[in-house]
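First chain A sits with chain B, and in the next complex the same chain sits with chain C.
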Partner chain A sequence: MNGTVVRLTYRALLGGRRAWLLLLMSVLLLAMAVLLRVTVGVDHQITADFLGAVAVAALVPLFGLIVGTGVIGPEIDDGSIVYVLSKPIARPRIILSKFLVAACATVLFAAVPTFVAGLVMSGTASRIALGFGAAALVASVAYSAIFLLLSVVTRHAVVYGLAYALIWEGLLGSFVPGARTLSVQQWSLSLTEAISTRDLVSSDVRLAVAGVLLAVVIVGATWYAGQRLRVLSLAGEE
Partner chain B sequence: MSEPTARTGVIHDIGYRKYDGPRLGRARVARALYSHSLRGAYGLGRSGRSKVLPMMLLGVMCLVAFIIAVIANVGAGITSELVLPYSAYTFTTQAILTIFVAAQAPVSLSRDLRFRTVPLYFSRPLERSDYVLAKFGGLATALFLLLTAPLLIMYVGALLAEFPAGRETGDLLLALLGTVVFAVVFAGVGLVVASLTPRRGLGVAAIITVFALSFAAISTLQGIIRYEVGNADLAGWLGLLSPVTLVDGFQVWVLDASGRAVAPPPGDAGGVVFVLVTFAAIGACWALLNLRYRKVSI
Partner chain C sequence: MSVLSVDTVSRWYGNVVAVNDVTMTIGPGITGLLGPNGAGKSTLINLLGGFLAPSAGTVTLDGVTVWKNPEIYRTIGLVPEREAAYDFLTGWQFVLANAELHGLPDPGAAAQRALATVEMEFAQGRKVGEYSKGMKQRVKMASALVHDPSVLLLDEPFNGMDPRQRLHLMDLLRQMGVEGRTVLFSSHILEEVEQLAQQIEVMVAGRHAASGDFREIRRLMTDRPHLYVIRSSDDRALASALIADGSTAGVQLDGDVLSVETVTFLQFTELLPRVARAAGIRLFEVSPTDESLESVFSYLVKS
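The block that comes next holds the complex of A and B.
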């Protein structure tokens, strides 16, 4: 880890108005949770449907995408990454610092609001809020790692990340059952299934398998991103 | 009075030639910018790497339609209808449309902002509104082509399977009207967001957030309110809040299409409101873009 890289990344990611824009999305989720609680009342199935479809399937991947690519993508895009790379800091350490900022930001802006939304809608009953909060937490970390790797590998990281999040997890996941076993969303939902005492969500992946796969993806993606950054070549504008 | 001194300074004529060809004026500049934007949306005239993504999306779009056409021919004896109606195709494949808008709207605008070419455009006989019109038209046409190509493939498939030609043609024409509205609304919203940032990556993420998050949130809320609460009217009204469900509602009411959103617009009053809001959204995008380009910098 390197303090300066962390500080620079943090300021580039959340400095100025950007933090407010990100916060707006979290507030939107909470506002909808409050709205549902007020209009519909407490219904655990609704909580599970809402958090599953809006928070875990949409908000967390999008946040992971914006933040994971945002910590390094713009710097590679405008070439200013060379000023960091030319300092005597190991490239894997640069990646690790940036990953730390991305993971913290995603957890703060996406996973914490998911947990709070769960509390608002269901209270502490059946550990639903805790289950979804934990799922959002691990998904946040995993998405940050994957999308950070993607933005080191390609300049179109956001678009390919989207293709994964929308087409693979969304469209293919609903038609091809096999696609679901290789999806961060299902891995994290298996955690919800294990934690929550009520049978509200079902994941296609067993908890042990999901845990191993998550760990492999997070560690592997971060490690490989560090390796790729060692051989990064800056290309001109297409 | 002093005599005029001998001239010492000389402007050397080093042989630059003036342009003495015809000056084509405002309309031609706008038309050139339009075709440049349209070609740019598919990466034509740019490097090979920037063609990959738009062509891949177009390919996926057509591949799905091709499969539907094949199914129609294989199962021609069993059924006389396509698996998926024309008017539902755009809604079903909206993820691809969203990615295309998100990827290509910033391509159209952000580069001009980042490399400061906008002032150069405006120093020509080109009005601000011409620039906006050319970009808006370029992207909307690109989206229209993306949405129309698969429908034509399905249409050819349906004719080859000897489905009733009159019915298929009518359905296709109605669906094409729907794709025009889809293209214009999506291009408008995408360009408004893209015009706010010179950074391409940020623009892509912001556009996706607007489309995908609003769609996920609205259709989940619609589902909960319609089936768990049992208030179909309220669920229908919620459709106004996301671009995809808005245009889908427009299609359902104006073109009598089979809607794919969770809840259709509530009644005739709802239908009228959906139409008005759709046109208001297009007008608002146009007005916002013009407002945005009164000033060149961010």
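The block that comes next holds the complex of A and C.
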């Protein structure tokens, strides 16, 4: 960890218009939750469907993508990463600092609103809100790690990230059951299944397996990103 | 005192060779890396700065490998060519952040000192994104000087600077050279290198084309045609006397101006006074018209 890297990253990420965009989307989620609560009333199945489809399947990966790539991608693109890299700091420490900012921001803008939306729609009943909040939390951390790695590895991180989130998790997951085993979304939903006392969601992955896979992905992606940053080539203008 | 060594280094991207079997040593003082755009200067600076792995050969700083070794940045200060530099920070915040990233004991004092060195204190409260190109270059320079490095690498530092800023940066770099730092800067502008560098390394098409001080490089190429403008007491008589000798390739008399193109440099310098004396002609002025680096350079590029 490096305090200066954290500060620079945080300011670059949330200094501009991006913070407002993220906030707007969070507020939109809450507004939809309020609207559903007012129009439909309390229906736990609707809560689960809404949070599963809108929050965990769309909002969290999207935020993870925006934030995870945002903490390092623009710096690599415009070359300003050179000011951080031309310092005697171990590369994994730089990655760890950036990962921390990405994970915190994604949790703040995606996981917390998911939990609050759950509270709005179902209160504390059957620990539905808690279940989805926890799922969004671990998914936020995992997506941050994955998309951060992706930005270090390729300059087209957003494209590949979108392809993973939309095609692999969204499309393929709904047709090919096997694809679901390797899906951050399914892993995190196994947590919802375990926490919530009602049988509203079902994950294809057992909790223990999901936990191990999540840990491996988070730790592995962050470690590997550090290794890749060590050999990041800054191509010249020529 | 630090020495950068490039030992039989090549770097290729797929089929394109950017740097081709280059060997050079860069010691204390100012070294100019000269070459046209696309000659591999930036690639070489990236190799020296540890931002690119050599495809073959080694790059070392005082005997220590540069690649994958962040510790070298305690010794190296880097001024990149690209403009982007955390535009949302003020000049002060930017330089301070660089000092902090170096883990300096008193980053505030170091940042203050670096900003004073480049005379940017007056604008340190403004955002980097609002700076002119020259100001940005200076604040980048301050960020590279913040840890008092003994090696300074600058990629096209004079790009986009106005003449006054250029002179200021030249003075600054001269100062660094006098202090015994190893300063390497790249440029495709000949006058800059000529004015500043004691040692010149010429890169052409990825190859190390020449090395030495300016006159040395010039001497290396004495067998190419040189052009002189001569004023004398009798230009016409001198012209006819010179054309008789084999060391002159051409003589042109254009009004008052006598220009002579020579084939062999040394022979001509001997011939001219002898011929003039024999013909009883007084020489008022003999000046080489292509003594600038430009001619040296275009010759190298052509060969």
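Some notes on this structure:
Going forward, the second predicted complex is superposed on the first by the 233 of 238 C-alpha atoms of A that agree within 3 Å, B and C clash if a C-alpha of one lies under 4 Å from a C-alpha of the other, contacts with A are read in each partner's own complex, and residues count from 1 in each chain.
What we mean here is this: a residue touches a chain if its C-beta (ideal position, glycine included) is under 8 Å from a C-beta of that chain, and two chains touch if they have at least 3 such contacts.
Fair warning: this is a prediction, and the values are worked out from it, not measured in the lab.
Contacts of A:177 after superposition: neither chain B nor chain C is touched. Applying the stated contact rule after C-alpha superposition, one finds that A:84 touches chain C and leaves chain B untouched.
Look at A:220: by the touch rule set out above, it reaches neither chain B nor chain C.
By the touch criterion defined above, A:57 reaches chain B but does not reach chain C. In the superposed model, A:166 lies in contact with chain B only, and not with chain C. Judged by the touch definition given at the top, the superposed model places A:2 against chain C, while chain B stays out of reach.
Looking at chain A, you'll find residues 237-238 touch chain B in one structure and chain C in the other. Partner chain C is touched in their complex by these residues of chain A: 2-5, 7-8, 11-12, 15-16, 78-80, 82-91, 230-238. Listing the residues of chain B that touch chain A in their complex gives 46-47, 49-50, 53, 95-96, 98-99, 102-103, 111, 199-202, 204-205, 208-209, 212-213, 216-217, 219-221, 223-225, 228-229.
Residue ranges of chain A in contact with chain B, taken from their complex: 25, 28-29, 32, 36, 39-40, 43, 45-46, 49-50, 53-54, 57-59, 62, 65-66, 69-70, 73-74, 77, 156-159, 162-163, 166-167, 170-171, 237-238.
For chain C in complex with chain A, the residues that touch the partner chain are 18, 37-43, 45-46, 49, 51-53, 68, 70-74, 76-78, 80-82, 84-86, 88-89, 97-98, 100-103, 143.
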